[in-house]
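Next come two complexes built around subunit A: one with subunit B, the other with subunit C.
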Partner chain A sequence: MNIIKRELKANLKSLLFWIIPLGAVMYAASVEFNAFAGDSAIADAMKQFEFMFKALGSSVADMTKPEGFISIVSLYIYLPLAIYSGLLGSGIVSKEEKDKTAEYLFTLPVKRYEVIRAKLIVAVVYSMVINLAIVGTVYLTYLRFEVSDGYFRFMSNMSLGVFLTQLIFLGIGMLISSVLKQYKKSGSITIGLLMGTFMLSILIGMVDGKLDFLKFVVPFQYFPSADMLAGTFNFGYVIITLVVTLISVVGTFYFYKNRDLHI
Partner chain B sequence: MNIYKFELRNLKKSIMIWGLAVPFALVGYMLFYPMMSGDTAAFETLMANFPEEFLAAFGMNPKLPIFSLFGYFSLTFGMIQIPIAIQASNYGFHILSVEERELTADFLLSKPISRRKIFISKIMAAVTSLTIVNILVWVSSIAVIMIVKGEEVVDLTNVNILLSTTALLQLTFFGIGMVISVSIKKVSSVLTFSMALGFGLYIVASLGSILSSGIFKIISPFSHFNPGFILINGKYEWSLAIVSVIAIVVTIPLSYFLYNKRNIASL
Partner chain C sequence: MNVIEFNKLTKYYGDVKGCKDVDFNVKQGEIFGFIGPNGAGKSTTIRSMLSLIYPTSGSVTIFGKDAIEFGSEVRKEIGYLPSEVFYYDKMKVIDLLEYSASFYDRDCTDRIKELAEIMELNLNRRIQDLSYGNKKKVGIVQGLLHSPKLLVLDEPTSGLDPLMQQKFFKLIAEENKKGATVLFSSHILSEVQQLCDRVAIIKDGEIVSVEDVKALQHDNYKKFTVRGTGLNNGRFNIDGVTQLVERDDKVKFFYKGDINKIIEIVSKLVLTDLVVEEPTLEEIFMHYYE
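Presenting the complex of A and B:
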């Protein structure tokens, strides 16, 4: 319990450091959105060419409605939150070695798995907090526009979708930190993975349809906002997410137990 | 000179990784270009029927359709700017703060050299590394365009103008990173900072182009060097690029000033 409290305190500053600017940007976007909210000319034009957007595989969301607009900018919710969780996961495990506090921590009468368990709990809780804070901010700031009945459902679906994406990166980040011999590298590798999958995700979107077989390696494509809007979760991807997360967590416990700590 | 050499040696591995990964991603993206040139008729009708601002929100521009070589290149380069910026801010956050983080500040600062000299050597080492990556990106861009262009006749003037912005983009992020690193008490994790700066400003730029919003565009260096604009017009969008230039001119001397006065934590 002490370790949980200690970790909660140690990571609080960086949590706020992420939530506040991100929330501010999301709010600023909603102020700008004001300009074309409910602009019927754009909405009509879009409707007229809906078939074309469909043919091109682009998003058919109506960007003059809050839901449509949020789903277009939703990547900028998925991405930073995934980065946060990935960095948190790799950082929380490796920071004892980085800050040279490993010696202190592991001479305390606690088992290694208890330490990792406490860290895992904190990482999951904070991922949840940032998720609720950001999705909540978006939800509240767009309430002042005309929202449809499905708005709350859409946002809660998205919150879940984002959270599942976060879990994958959190798990991978923790696993990498406990497997790698050099604690310094874990952050870079997690980030490399994030950037690689993010860029792949954009590429898949750009050459629409032709690279769909790559989607399963790109967590950003697992729970696209269009699915969240329709209220469907791709069952296969949910399974992949849970399996990857589970393997990572089990792996973290396993490898950390035998880890040769850098002191 | 010793410090310069030492820093370069330290950065060697990082230069190699970035210098390979960024051109690799760029070439990888561009090689998919031949897959693009399919459904052009539908696209053309779309382009003809929508107002420009609307298309801009989807990252399209009627003068630079995505299925054209330069249109595709402008999207690719827009993506490549992210890792370039992250690398630059990485070095910015890292280079002046590394001694304090790794507890070697006592060693370095007790040497008979002025902080001025340390600062200049470190900056030169970082700029050299960034330039190496810049050159690699430049060469691989031209090479891959030559490969995928097929029968098309291309004029590379605008591409070269676009590629020349890389140095400015790097220096902007490098400068911002440096100023932040010397103004705060401790840079605990370089990556967290550089990711937040790089991706954060990228998100701001994207929202700026979706919303065609002035403020977002002024804040984010990514929109100062918008590939689409430069490839169409063959010149910098100076009204925005000037913000980046000012940022460079302000941040680098300011970091020098702050570093000179900094109370560096010792053992």
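Presenting the complex of A and C:
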């Protein structure tokens, strides 16, 4: 419990540094939407750029309606939240060695798995908090427009879709920090991996179906906002997400417990 | 009873030897010195016994339990002071000490205050604002706050001014009197001489010798300085003499053995001066490192 408390405190500032600007951007987007709301001319014009939105992983939706607009800007929810969770996962594990506090912490009467367990709990909780805060902000800020009956359902689907994406990168981040000798680079490696898959995701969207077989290595393609809008979760991808996350977490516990600490 | 038993402890970092076949025991209630130059394998040995790193082969038993398998249990009764202390920079000293205390089953509040007072440590400052010496003081309080039965000190005095060093030594001696066993690693021999009962000497990762500190000084070597004329003729080159330096007017050497043999040689000479001294630990240890 004491480790959880400390980690919650130690990572709170960074959580707020992510939530506040992201929330502000989301609010600004809703102000932007004000101009589109209900304007059919814009809806026609946007159709011309269909390919571009597809490429960016956003859906081609009616952006004169809140759901449609949000699904188009959803990229700005998926990507930063995945980055947050990836960095949190890799950072929370590697930090003790990076800051050289491992020699202090692990000479206390504590088991390594207890430390990792506490860190995992905090990372999952904070991933949830940022998810609810950002998706919640978006949900609330668009309530001032005319929303359809399916609005809440869409937003809660998206929250879950984003959270599953976060979990993958959180798990991978933790695993990288516990396996690699270059624990100092674990953060940048995690982000590199994340941006790499994101670029791949754009590529897959651009070439229109030709690279679909690569989708399974790109978490950003698992739960696209179009699916969230339609209310469907691809069962296979849900399984992949859970399996990858589980393997990463089990791997983290295993490798971190059995290796020498870098001091 | 042995508090620590090293059993052929060996640690390789890949191909690089950290320590090899480390094999000695620390008895209950003693202050045991662990001596060697930088990079000899002291910290590797200590980190293995605290399961920060895992031995390649061999084992360490502490309080009769395997130090790796029962690591967290064993560490309840260990206080550790590393050579370089690093703590969470953003925390206040008192918060860090209370956080440390929260891992033990006893109330340490009074002891923290007491120790902070002795070490003249301000509890309300942030770790990041502390000087190196003050961080070290935090380390001392943190290592002692739970009144551990075993103290493991890895080059503990670096960064402390002489006054604080003496206070610290006094603290260690008090803890020892109360029953704590101490493993004291250092490359400074005088402090080992001051505190320790026995000492293990490590060189290139291997234990060269385990000696009684007092016996080491009294029974072993004597340092001879002979002054006179016409001395440079190899007369002193007998069994038991080491580090012989012969000049015409002065001969210096260390001798271990029957003192009468030296007296016999000396009695035949006309000397201006003869000095027989206890060698310092430094001089004794130089034998092991040549």
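Operating definition for what follows: the second predicted complex is superposed on the first by the 244 of 263 C-alpha atoms of A that agree within 3 Å, B and C clash if a C-alpha of one lies under 4 Å from a C-alpha of the other, contacts with A are read in each partner's own complex, and residues count from 1 in each chain.
The working rule: a contact is a pair of C-beta atoms (placed from the backbone, for glycine too) under 8 Å apart; a residue touches a chain by one contact, two chains touch by 3 or more.
Being a predicted model, the structure only gives us computed values, none of them experimental.
Trainee: Assess the superposed three-chain arrangement around subunit A: do subunit B and subunit C clash, or do they fit?
Mentor: Aligned on subunit A, subunit B and subunit C fit with no clash.
Trainee: For A:L214, decide between first (touching subunit B), second (touching subunit C), both and neither.
Mentor: A:L214: touches no partner chain.
Trainee: By the touch definition at the top of the document, which applies to A:Y76: first (subunit B), second (subunit C), both, or neither?
Mentor: first
Trainee: Could you say whether A:I19 touches subunit B, subunit C, both of them, or neither, answering first, second, both or neither?
Mentor: Neither subunit B nor subunit C is touched by A:I19.
Trainee: Would you sort A:L108 into first (subunit B), second (subunit C), both or neither based on which partner it touches?
Mentor: The second partner, subunit C, only.
Trainee: Check the residue A:A28 against both partner chains and state whether it touches subunit B (first), subunit C (second), both, or neither.
Mentor: first
Trainee: Quick one: classify A:M199 as touching subunit B (first), subunit C (second), both or neither.
Mentor: A:M199: touches subunit B, not subunit C.
Trainee: Is A:L180 contacted by the first partner subunit B, the second partner subunit C, both or neither?
Mentor: Neither partner.
Trainee: Subunit B or subunit C: which reaches more residues on subunit A?
Mentor: B
Trainee: Just the number, please: smallest Cα separation between subunit B and subunit C in the overlaid arrangement, in Å.
Mentor: 6
Trainee: Of the residues on subunit A, which ones does subunit B touch that subunit C also touches?
Mentor: none
Trainee: Okay, in this complex, where on subunit C does subunit A touch?
Mentor: That would be residues 13, 47, 50-54, 71-73, 75-76, 78, 80, 82, 84-90, 99-100, 102-104, 142 of subunit C.
Trainee: Can you list the residues on subunit B that touch subunit A in the complex?
Mentor: 21, 25, 28-29, 32, 35-36, 39, 42-43, 45-46, 49-51, 54, 57-58, 66, 72, 75, 79, 82-83, 86, 189, 191-192, 195-196, 199-200, 203-204, 206-207, 210-211, 213, 215-216
Trainee: Note which residues of subunit A are touching subunit B in the complex, please.
Mentor: Contacts found on subunit A: 14, 17-18, 21-22, 25, 28-29, 32-33, 35, 42, 45, 48-49, 52, 55-56, 58, 63, 72-73, 76, 79-80, 83, 87, 91, 98, 187-188, 191-192, 195, 199, 202-203, 206-207, 210-211.
Trainee: Considering only the defined contacts, which subunit A positions touch subunit C in the complex?
Mentor: 2, 6, 10, 99-104, 106-111, 114, 258-261, 263
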